[in-house]
Each structure stands twice: as C-alpha cells, then as structure tokens.
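This is the structure I have questions about; it appears just below.
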Amino acid sequence: MSLSEQIENPFLPEPARIVRQYDLIKDHRFFQIRFIDMNRAMSFDYVPGQFAMLSIPGVGEAPFSISSTPSRPGILEMGIRRTGNLTRALFKKKDNDIVYLRGPYGNGFKIEPMVERDIIIVAGGLGVIPLRSILYFVLDNRDQFDELYFLYGARNPNEFLFKNEFFQIKAREDIDCLYSVDKDTTGDWTENTGVVTSLFQKLPKIDPQTTTAVVCGPPIMYKFVIKELLKLKIPKNMIQMTLERRMKCGVGKCGHCALDHIYTCIDGPIFTYWDTLHFRELI
Amino acid sequence: MRILKMKPDFLKEFLMGLEGFGALYGPKRQSGILKYAPIESYDELVLDGENTLLPLKRLFHPMRFDMFRFDSRGFEADYSIFEKRVIIGVHPCEIHGILKLDEVFLVHPPDPYYAGLRKNSAIIGFSCLPAENALCRSTGTDIVAEGFDLFFVDLTDFYLVWVGSSFGYDMILEKEDFFDENVTHEDIQIYIEWREKRNRMFKKSFNFRDMPDIIELSYKSEIWDYFGKKCLSCGQCTMVCPTCNCYNVTDVLDLATETSGRRERMWDSCMFADYSLVAGGHNFRHARADRLKLWYTHKLKAFAHKYGSPACVGCGRCVETCPVDINVLTVSEALTSCEVPEE
Amino acid sequence: MPEYKPRVGIYGFTGCAGDQLLIIHTEDRLLDFFNAVEMRSFVMASSNPLETEIDIAFVEGSISTEEERQHIKEIRDRAGVLVAIGNCAVSGGPQAMFAKDGSFARRLKQVYGDIKFITNPVEGAPLDEVVSVDYYLPGCPISQSQAMALIARLIHGADPEEFPHPVCHECKLNENLCLLLDQKFCLGPLTLGGCHSACPNNGLPCVGCWGPNPDGNFEEQLGLLESFGIPHEDIIRRVRNFGGYKILAHIEKLSGKR
C-alpha cells in the first residue's frame, strides 16, 4: 500500500522463543527468552533496569522488567509473577513456545554514578528481579566498581527467589551478601531473620561520599529502606529506585504512566529518591 | 508567509475543486450533531464558529481502530485507516490542538498511525468568531501561525488566505485566477478592525499563566476533594478535549482459529477507575479527586512545563460538556480564589 | 492429532431467550462458533442435546423456580466454566426489581391467587445467588461484539478482558450529545458500558441494563437527576428495574435523602 510504505512501527512485537522456564517459587516463574531472529537476539542491547513489552497474541501485552544482564547477550531473562490475564496465559506456555517482545524501554539504572564507587543493592521480595540485572552487571564488570553490598529480604525461606544462585554468589570474596527472611517458617534457614532494614546493622562503615544505593521492593519497603540510607548520609540523588505503573505502549504515547510532566515508561522506571520528593505522586 | 485575497463567490468552487488533493472532510451536521465527516456537497459544510462535538483529534487519533492483525506467523501492522484527505473548516484552536498532539505523537519514536494520518492530510483552516464559552484568547490559541496548508480569514467582502505550505500553494495554483496578490492598505485596515472586533467579543477570560504555580501549591488542597465528590467519572471531558491522547490496547481473537485476531486501540480516560490499575490489584489513583488532579495538573501545569504552553487550547468544550460543571474554568477559578463554586 | 474442540452447552432459564437468539443471529460468525466448538447442548438451535460434562456453559435467564435451582446446580457440576449471559442471569432481570424487599409472597399471591404450582416458584434471582459464576456477559440483550470477543477468548483458552467503563465512554465515541445536559433522565454514568450506547444513539436514555458501574458516583447522580425535577422514588424504581440484585450493594448510597 503506497500510503504506508516503509513505516517504522515501534509497537510491532517480534517473535521470540521461550528456551527454558522453571518455577522459582509458587506462582513465580523464571523465563529465558531468545529472539527468533539471531541478529536481533545478539543486537538487543539494554541497560540494567530497563523493561520489555511482552505479548501473547489474543491475550494482550504488558511490561516486564528484564532480569538478565546485557553483559551476557543472546538470551533475555524475566522473573514473572502470575497475577493477571497475560501472566496466566504465559504460565501455560511450554519450552520452545513463541511469545512476542519489543523494547528495551525506560531509562535503566544510571551506571556512571556507580563506576569506581561503592554500591549497596537493597531488594525486598519481588524487587530482586530487576535488581538481579544490575547485580550481575556489576559482577561481570567487577573491576569497574569498588565495594559491593547486596541486601535481600524475603517474607520467608519459601519466598526467597534465586536461592541457589544467590547462595553461590555469597561464597565470593568480592561481594558482601546479607540475606534475611521476615520469618523462618521452615526451621532450616541459616541466614538472618528480620525485615530487610535490620541488615543495615551488619554493614561495615560506609563512606556516603563514595556510595551509590539501588533499591527495589514493595511500596511499603521504600519508606523504611530510604530512612536507613539517609541515616548513612547517602545523598538523595545517589539513591536509585525502580517503580511500577500501568503501561500500554512503553514509548510515551498511551498516557497511562503519566505523572506530572514525566512518563514512567521513558523518564523512568528508575528514579532517584530526590525525584520522588520532587514528583509527589511517584510513591 | 504568502497572503492572498479571494472573493467569497469563488469559495464553493475552490473548496469543492480540492477533491483532487484528497477526500474532503469538514464539520457537517448529522442528526443535529456537528461532526468532522466526509463532505459530499458544499452545502453540508458548516463554516461558522460552532464547535464540533468531538475535536479534530478524532481524524488523527481515531477513537477505535486496529493496530495489527495477527496470526500464527506473527503481527502485521494494519494501516487501512490511511487515506489522502483535505480537511476543511478547521478553527485556530483545533490547529493548536493538533500541534500539541504532535508534541506527544511525533516525538521519537513517532506513532506510525498518527504520523501516517497527519502526513496524508491537508488542513484548510477557517477563522471563526468566539463562541459562548471560547477561552482561546486566554490560552493564546485564538490566532494560528503554523499547522495549516491554507487558512481563510473571513472579512465578509473578501477572504484573506494565508498559504502555510508548499502543498497549500499547489492548491492555489489549481485555481490561480481566483486569487489576488494585491493586499492594499485598506484591506489591512479591514483586517485590523476585524481582529479588534473579534477580541471584544470574548465573553469569558481567565489568566492561565499563573496556573502552574497555583496547581503545584494546591497539591493538598481540599478543593480537589470538593470536585472529586461531584465528578461522575463519565470521562466526557477527556473525550471532547482536543489534546487528550490516552488510549488503551486490547486483543480481539477471531472465533474461527486459535491464533488469529486483531490488536485494537481505543480512546481511554484518566477519569476511569482502572486507568492506573496494575496487575495484582494496586491502583495508583483510586480516588476521583486524584484522577481529576492528574488531568488538571497535566493540562495546566505539566504540559506547560515541558512544552512552554499549557495543553488547554481554550475551545470551551469541557465547559459545555461536563454535566456537573467541572471544567478548566471552574477548577482554575476555584484553585485561584480558594473558594468552591456556589451551588 | 485431531484438534481438541471445547465442549459447549447453551442453556436458558427464566427470561425471554433473547440472548440465545442473539447468538443465533450472528449469522456468518455463528458458523465459525459452531466449527470451533463441539456444541453439546443448545436446544434453541438444535434438538437432541447431549447432557454430559462440558467445558463451557453459557446460561441465560434468572432462577425462578425450585426446579431451576436444581437444574443450574446440575449444570454447574458438569461445567468447567460457567458464563452468565444477559441481564436476567447476571442481575436477576426485571423480575428481580423488588429483590429482597420482602414482598415476594404477597406479590405471588396477588398475581396467581391460590393456584397449585407444578414446581415451587422462588423469588427471581441471578445465577450467582445459587451457583458460582466465572464470567458475566451483561445486557438486555447482550452485545454481539462483546459476546463474540468473550466467546473467542474462552474457546481459545484465554481469559476474557473486562470493560469496566461507564456507558458514557462509548456514548461519547458515538458522538451523542449528553442527555444529562438537556436535563433528561439517563443512567449512563452509573451503568457498565459494552452496549455501544445503543439507547442514547437513538436519543433514548440509558436504563441501566448492563448493571451498575461499581465506580459510579451514585450520590451525586441522584442529586443531579432530582435537580431535574425527577422524583426520588421514580429514580430508585428505574435504577432497580434492571439493577436487580447487583444494584443492592449501591442502593444505600441512592436511598439516603439529600
């Protein structure tokens, strides 16, 4: 059709294969997905903290944060909770089934303020899914960064995501991993018990002038974690956090994630603590 | 800019002769309602100052259309909405509305549907005299300097015709002898008088310049709760607003096969309860007052912050449409005076 | 491997059967529907129903007799998914306009006197008063496009999408002038959309046949309609006309005199 020749369509989802999937915990599944087009699979470049729009034709499309690191290209990883129409359909998919992706979208974590500095990663519950990306990015480029602290709290041992991976990392000497559960329901939990903020007491002395913090967790957690980070005197614009909003396009057109004069999908989902004070509706 | 004169006698022949440039569209009355619709005869065109029920955006950001068809081979874009069009009788506020939508839809990456409709449409603007609720002088959108191919100013004895694009000039060349290049001092005088007369005709005005600060300061004002209690959440204000662009996307499966269907896009509204609802059930704006605050913050503060002028083009449609009198004027007045309207 | 086709049954209880008729009237799409499923029971379209286990039951009508109560329970037991179709099945229909006001016995006697019933009448109720309902297709009658979109998703294993917006949404897209602006009665803002604003498109007020919009601002709209000079009792009567059991959750907001 002559009126529509050679149009770039940013909404066009591209086919991708579920190469592997397994349950993390109940109703939470890990997906490894690869674009069918091999060039696309290798050229899909992103920044930790970005997200992609995932489609199942006939069911719909929704944003999901990318849990893998761009330092390991070729396969995208996502940790997904079964909670709506789309995820219910996604959980019925099997290995080798096709889904559709477009992206990456959003601003991603600012890496520059982390280079040659100390990093504290604080994750609560599901918040660990997007933070896994920055965690592995830092580990894969370990010489670029100074001290690395990884604080992760889950409700109980059965809800602790990526248990094997994270306990394996814990053995490394170049990262300080602090894990906790609110309540040990199994009786065989070997790490800390208590809310994630209790882990701050276990941190060695932090130099706030050389430290960047990265936070993700349920809305209620932010308040308490930020309080701890401010106690450490980490500057407000050196606390990065990732937020959630309803999105239908990912590219600043559909309006759903608008807030003041920003769109969460292009100006976020990563904001600094200062941004959240400035844009009062953010959290 | 090139400005020409044309005698009113030529208008009908000139406009109907534009068919060669695309299908003619314009304000047309259907079952008593003024709508932008295909024009078959000159008599259907309504070229006075009356607002159409829905603004011009409906021709560029269609209310409901298919973005894609999909089947087992994947998604294929559906551009069947594209059509060469000449849209006649567009008022200055409408043109400003489209220029503001351009800021959203044409910035990288451009929305291909909006961009395609925009690229294939010519806009023939027409001057108007202020309607009862016109606020365009207050919003600085009563005069237009860009965003049209041709713009006709009706000075009764003749039209002044602004040529806004090369495409517009091609249209002039089709009927060159209808137009007179010789604009005299007397003509300029007539035009100035018309402007002054028009300026005096506005019945409503408001100083929107201070609204960004006032809205920021009123973030916790109980004025929002007053309007929140009143709002019917019908969403009409957002549908009739020339600069509201929100939409939702839904997949519709075919009955016959498991894998084929279409991905549909439809206007949405921030006044609806599910607008900010995310999977899992958390709603970022459950309260009606919060939904209203988002809309007015976006229109009068945020858009101005980002693009230099508010998103309101002063068409007055929200004033005419809201069944419970929540509109850009009543809200701005209440926030400015810190007093709710009298019942 | 032959393609698995979901087994479907379409049933009617107390009502006008208009929703089943509407499914039959989808013409070309009816063939697609019949080809995509294994139709076990649809008495309106074909005799010789097979009353076996089914994947999806579409059920029209309200439950108005003891026999119907037993029958719907029996259908529920053998249906994977149960969809209530039409206002009667969803809200109880006009026969439930006096729902739960305690006047049923008196009204029954007034109309039927002392006759002996073949099966005991009960106060007309929506399906979900008796069994659990998975999905709802409201309307009087249901909308063809909404019905086909839901059916297509269900038979192809996807969850249906809700349309939680007022009638006003589609009404404005259809470029109608708001009846409330002319101080006319209309229940648009209080009513769930999906009907393509069928009544306002013809200059008629919305009567609420899709059932209440949970986000409706009932108090404010009541005040608005009263300010038009419409008596309070009149408004309540008209809201209850199609509101049945589903309006009961909101009626308190409506009954408080301003």
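Residue numbering begins at 1 within each chain, and the chains themselves are lettered A, B and C in the order written.
Note that contacts are C-beta pairs under 8 Å (C-beta built on N, C-alpha and C of every residue); 3 or more make two chains touch, one makes a residue touch a chain.
Just so it is clear, the structure is predicted and the values come from calculations on it, not from any experiment.
**Student:** By mean C-alpha coordinates, which chain is most distant from subunit C?
**Tutor:** A
**Student:** Among the chains in this structure, which pair is joined by the largest number of C-beta pairs in contact?
**Tutor:** Of all chain pairs, the one joined by the most C-beta contacts is A-B.
**Student:** What's the distance between the Cα centroids of subunit A and subunit B, rounded to whole Å?
**Tutor:** It comes to 39 Å between the two C-alpha centres.
**Student:** Nearest whole angstrom, what separates the Cα centre of subunit A from the Cα centre of subunit C?
**Tutor:** Going by mean C-alpha positions, subunit A sits 43 Å from subunit C.
**Student:** Centroid from C-alpha atoms only, then distance subunit B to subunit C, rounded to Å. What do you get?
**Tutor:** 37
**Student:** Where in subunit B do residues touch at least two different other chains?
**Tutor:** In subunit B, 250-253, 258, 261 touch at least two other chains.
**Student:** Residues of subunit C that contact two or more other chains, please.
**Tutor:** In subunit C, 152-153, 156-158, 161 touch at least two other chains.
**Student:** Which subunit A residues touch at least two other chains?
**Tutor:** Residue numbers touching two or more other chains: 58-60.
**Student:** Enumerate the contact residues on subunit C facing subunit B in the complex.
**Tutor:** Result: residues 29, 32-33, 35-36, 148-149, 151-153, 155-158, 161-162, 164-166, 168-169, 172-173, 175-178, 180-181, 188-189, 214-217, 220-221, 224 of subunit C touch subunit B.
**Student:** Can you tell me which positions in subunit B touch subunit C when the two form their complex?
**Tutor:** That would be residues 30, 32-33, 35, 53-54, 63-64, 229-236, 239-240, 250-258, 261, 266-267, 269, 272-274, 288, 320-321, 323-324 of subunit B.
**Student:** Flag every residue of subunit B that touches subunit A in the complex, lowest number first.
**Tutor:** My answer: residues 67-68, 70-71, 74-75, 77, 79-80, 82-84, 104-105, 107, 109-112, 115-116, 120, 219, 244-253, 258-259, 261, 263, 268, 270, 275-280, 282, 284, 290, 294, 297-298, 301-303, 305-306.
**Student:** Quick check on the complex: what are the subunit A residues that touch subunit B?
**Tutor:** Per the stated touch rule, the residues are 1, 3-4, 7-15, 55, 57-62, 81, 83-84, 86-87, 100, 219, 244-246, 248-249, 251-256, 258-261, 280-281.
**Student:** Subunit C touches which residues of subunit A in the complex?
**Tutor:** These residues of subunit A touch subunit C: 56, 58-60, 85, 88-89, 92.
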